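Below, each structure is written out as structure tokens.
The same chain A turns up in both complexes below, where it pairs with chain B and then with chain C.
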Partner chain A sequence: MTTETSTSTGRVPLQRPYRPPRKRGTTSIWRRGLSGRATFVIGVASSATLVAVWHLLSATALVSPLLLPPPLRVAETFWQFLTAEYLGETLVGHTAASMTIVAGGWLLGGLVGLPLGILIGWSDRVRWLVFPLFQLLRPVPPLAWIPLAIVWLGIGDPARIFVVFLSAVVPWTINSMAAVSSVDPLLIRAARTLGAGDGSILRRVVIHTATPTLVAGARIALGNAWTTLIAAELLAASAGLGFVALNASQTLSSDILLVSMGIIGVLGALFSAILRGVGRAVAPWAKEA
Partner chain B sequence: MATTDVKAPRRASEAGPALDVRTRARNHAIASIGSVLLVWLLVTSVFGLLDPETLPSPLDVARAIATLAVDPFSGSTLFGHVASSVQRWGLGVLAAVLIGVPTGALLAWIPPVRAAVTPVFELLRYIPPFAWIPLAVLWFGAGLTAQSAVVFVAAFPPMVINAQLGVAQVDPLLDKAARALGASSATTLARVVFPVATPSALAGVRIGLSNGWMALIGAELVVGSEGLGFVISQAQSNGETEVIVAGMVCIGVLGMLFDLALQKLSARALRWHA
Partner chain C sequence: MTHSTANRTRGPVTGSPTTGNGHDPKLEIRGVTKNFVTRAGEVDALASCDLALEQGEFLTIVGPSGCGKSTLMMVAAGLDEASSGSILVDGEPAGGPGPQRSVVFQRFALFPSRTVADNICFGMQQARVPKPEQAERLEEQLTLMGLGKFRDSYPHELSGGMQQRVAIARSLVLRPEILLMDEPFGALDAQTRLLLQEELVRLRQVHRFTVLFITHSVEEAVYLADRVAVMTRRPGAIKTVIDVPGDAEWRSSDIETAMGHPEFTQLRQRVWKLVKEEIVAS
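Our next item is the complex of A and B:
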């Protein structure tokens, strides 16, 4: 600090804090990483803005409330729909109807897909026989089976379970196949050399490698099942969230439509979160995909 | 084939004549597909165990495809329906590429944008595309726009996510090095970010294309009056099972062709990539 200090005149000393000159090539403010707190605040602010814009759009009737009801009305409809019946069931009833079918198709998919995948992963011959058929059928989306399912099984639960099963069985099979073939044979031989029996190899080596892939398969299968179920309910159902959504759209009850879409989204996210949690619980050593 | 030779001793019982593994795999594939077709043919045409309304024979299906190709079904021939499906799919997918890939890149490149968009995106992503069908119909009416919108909704998320992943893979050190050497933002994007991000972004486009095709079939099943999805749903109400199966075959073959085409294209575009 060698600046002049002319205290006699009472002048303020000429001191400026050091600021490095901003050079070309330094990280601009837009590119800097954000703290967790800043990320949270920005996220909340942007979500709030979105809801506010939505509210303004419908409150000022820029968009007809028939097409986009205000957020408050959607919330109110949700509350009423919890107890009041629409198309023969309350919201809880429709949700339960959807979840029953999903659970059925998903579990059936696992029941068939798990052993099939393990077999395909284990034996070359089975893989050579089954995989081409699999590849042949895979490009046909499960949805495209809906008309055929209706012809075979009628408009009812079995048709929907069948279609959901088709969508879930593929990831179940593929992932259990991958789980089996991803076990390094060297590890098995090493374990055997070290004196491990079959049982202990299965418990300590195979399951260790296979579990994360299997749980991931279960999660993907559930996601597919849920997506496909909604489509199936648009076509062949007398209850369920997809059925509600389509009917609400046809009767211009857009508030009910948005409520059902919201529940569909929340449940989808919930399923995914639950199975991620299961994955962490049963295989804490695995890296999250 | 060195790897398979190493594996061979594990199954000594299968040693047999030393057939190339690929040949054996192909033989098995032919045998399995052939026997399924044969059983299908035997059950339907030869023994007539199942009536054609339940399961038409492969011959009926082939005949149905040939008929569809020349005679109009519900308004247009097979080619007309394919053209209208492909048009809707193309529009939705094109919009998804044009909006989704830049959005993903932006999300990875600019943290404040990521912080603002991610919560909303994650919230909407879990609503399956089919749940948007009723809303799309309400907003746009049952037609081209609604169906393209559903395709868009299905194709958009994987494109955003994979473009974001791709750009996030760029080593910040490379970015800084480019800057230090005097590269402008545009140059850095074109010469550093683009090559690193492209493979992942293209993978996202590929997933998006097949998701979009699936969503379109769903949308056509529910609403509309043309397209392959409409053909199979119409055939179901007419009780023409062979047309349903014919339509399913066309849907599967087209979906596979699109995927193959994109695979070839991206392999060509990424020749420099390992």
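Our next item is the complex of A and C:
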């Protein structure tokens, strides 16, 4: 995975200047870029090294197993709680609980943010109307909404969905807006001379051209949603991976804590990878961003 | 053409520059001025411009860089509002842009998300041309422009010259009555340029569309045109319009051969001198 700076106001870099491909052997490996397979091999190797160091640390008792249980024990715990219950749910159940809420908040965010962002980017009037309000609410971190969400919606799923929604709707909107307003106005002019009206232009030119950036916005929104959910579960929840992590830490069950953290990390990376794949599939013409 | 003076010098044109034999010109640019308001202040891009193109006429415009040629074309296409003056098609105010005034832009303006074939078909899809006819006309353009192998390529996979051909095909496929071309061959290599110049000459003999053609190349301007309009430096105005005799000997030969012809050379030098005056003066 490449790392990604996605903050709650995360914005996709719009266009990268075209760089001609470098000839092999003329520059160092770091600048040349690697094939997909090579990066995979390197990734596996570095992860293996990390696990080996971890194993050595706990095997030699340099670090107390209470603080850092050995990797094998963590793997065992993972295996065991796939089927056994912890705090009323199996790991699968907790993961499903977290993912349901993320999916809900993220989709709701898209339902609102995608059309809203497109409209803001497309129409000056909508921008004037909505954008100031949006700018006003944007700096409030999603987690700061939790107390209000609890007052409004109680401590159940709706409150968490609401907070996740807030964290997702901002990048959905901002990136959709940027995607649409970064479409070259000359393309719109060309479409007009080819007989297209406003509706056609919006659909067939603007949104079509903006698709890769729109998908990138969706990806950032999902990353945000995931981060926020875990944080929200640390504060108020009765199920979910964050909830598991919090309880495990309170009972000093470091193995379960590490398992839940591992799942959180892997799923976050997986979401990002999936949406990258989606981006490639829907916009095969776009250069990799 | 009805007027016999080969040289209409610059100056305020009184009344409409119609040709006086009762019918309206196909495309008329009447007293068009354009100024842009920018943060740095106002920019006068066009001083009063008047031009009238007869049905089937090929008019080329040459002028120093930045004199307002593209601006004039955007206004003629209905894409930009003139600050004053008007654009008439068949004697009627032309209104907004549309497929009957097809534009080939200086910067191609291809849709990056669409393949070559999809770019070319965009206008036909918009006009709901029946599918079989779309396919037929697409094939015709692909062959004409030598794009057959690239039909499924995306614009960024093509060279500049190829992209330019797609842009031209995208316009021609609509069989427009009026074709507005802004340095359409500017990005082409010499051979392709020659090929397309001759192709354009042939096409207009078949389709008789009316062409307003902007170019940097004086040779090209003379070779293609029925009349060559020379623009002044910014704020651009039509400085002179020069008739190119339709029955000139070099007409039937390719541009290379034509350029060796004394009559052609004479015309070219005359146009070049007019352009040079504007460049030197600025």
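Note that in this section the second predicted complex is superposed on the first by the 228 of 289 C-alpha atoms of A that agree within 3 Å, B and C clash if a C-alpha of one lies under 4 Å from a C-alpha of the other, contacts with A are read in each partner's own complex, and residues count from 1 in each chain.
The rule is simple: contacts are C-beta pairs under 8 Å (C-beta built on N, C-alpha and C of every residue); 3 or more make two chains touch, one makes a residue touch a chain.
What you see is a predicted model, and the numbers here were worked out from it, not measured in a lab.
Chemist: Have a look at where A:His208 lands relative to chain B and chain C in the superposition and call it first, second, both or neither.
Modeler: second
Chemist: Which chain, chain B or chain C, ends up touching more residues of chain A in the combined arrangement?
Modeler: Larger number of chain A residues touched: B.
Chemist: Who does A:Ala196 touch here: chain B (first), chain C (second), both, or neither?
Modeler: In the superposed model, A:Ala196 contacts chain C only, not chain B.
Chemist: One more residue to check, A:Ala281. First (chain B), second (chain C), both or neither?
Modeler: Touch partners of A:Ala281: none, neither chain B nor chain C.
Chemist: Should A:Ala61 be classified as contacting the first partner (chain B), the second (chain C), both, or neither?
Modeler: Neither chain B nor chain C is touched by A:Ala61.
Chemist: Check the residue A:Leu186 against both partner chains and state whether it touches chain B (first), chain C (second), both, or neither.
Modeler: A:Leu186 contacts chain C only, not chain B.
Chemist: Help me check something: in the complex, which residues belonging to chain C touch chain A?
Modeler: Interface residues on the chain C side: 74, 77-79, 96-99, 101-103, 105, 107, 109-115, 122-123, 126-127, 154, 156, 170, 174.
Chemist: Can you name the residues of chain B that touch chain A in the complex?
Modeler: Going by the criterion above, the answer is residues 10-11, 21, 24-25, 28-29, 31-33, 36, 53-54, 109-112, 114-120, 122-124, 126-135, 137-139, 176, 179-180, 182, 213-214, 217-218, 221-222, 229, 232-233, 235-236, 239, 241, 244-245, 247-249, 251-253, 255-256, 259.
Chemist: Please output the residues of chain A touching chain C within their complex, sorted ascending.
Modeler: Residues in contact with chain C: 184, 186-187, 189-196, 200, 204-205, 208-209, 211, 283-287.
Chemist: How about chain A: which of its residues touch chain B in the complex?
Modeler: It comes out as residues 24-25, 30-34, 38-39, 42-47, 50, 67, 124-125, 128-133, 136-137, 139-141, 143-148, 150-152, 185, 226-227, 230-231, 234-235, 241-242, 245-246, 248-250, 252, 254, 257-258, 260-262, 264-266, 268-269, 272.
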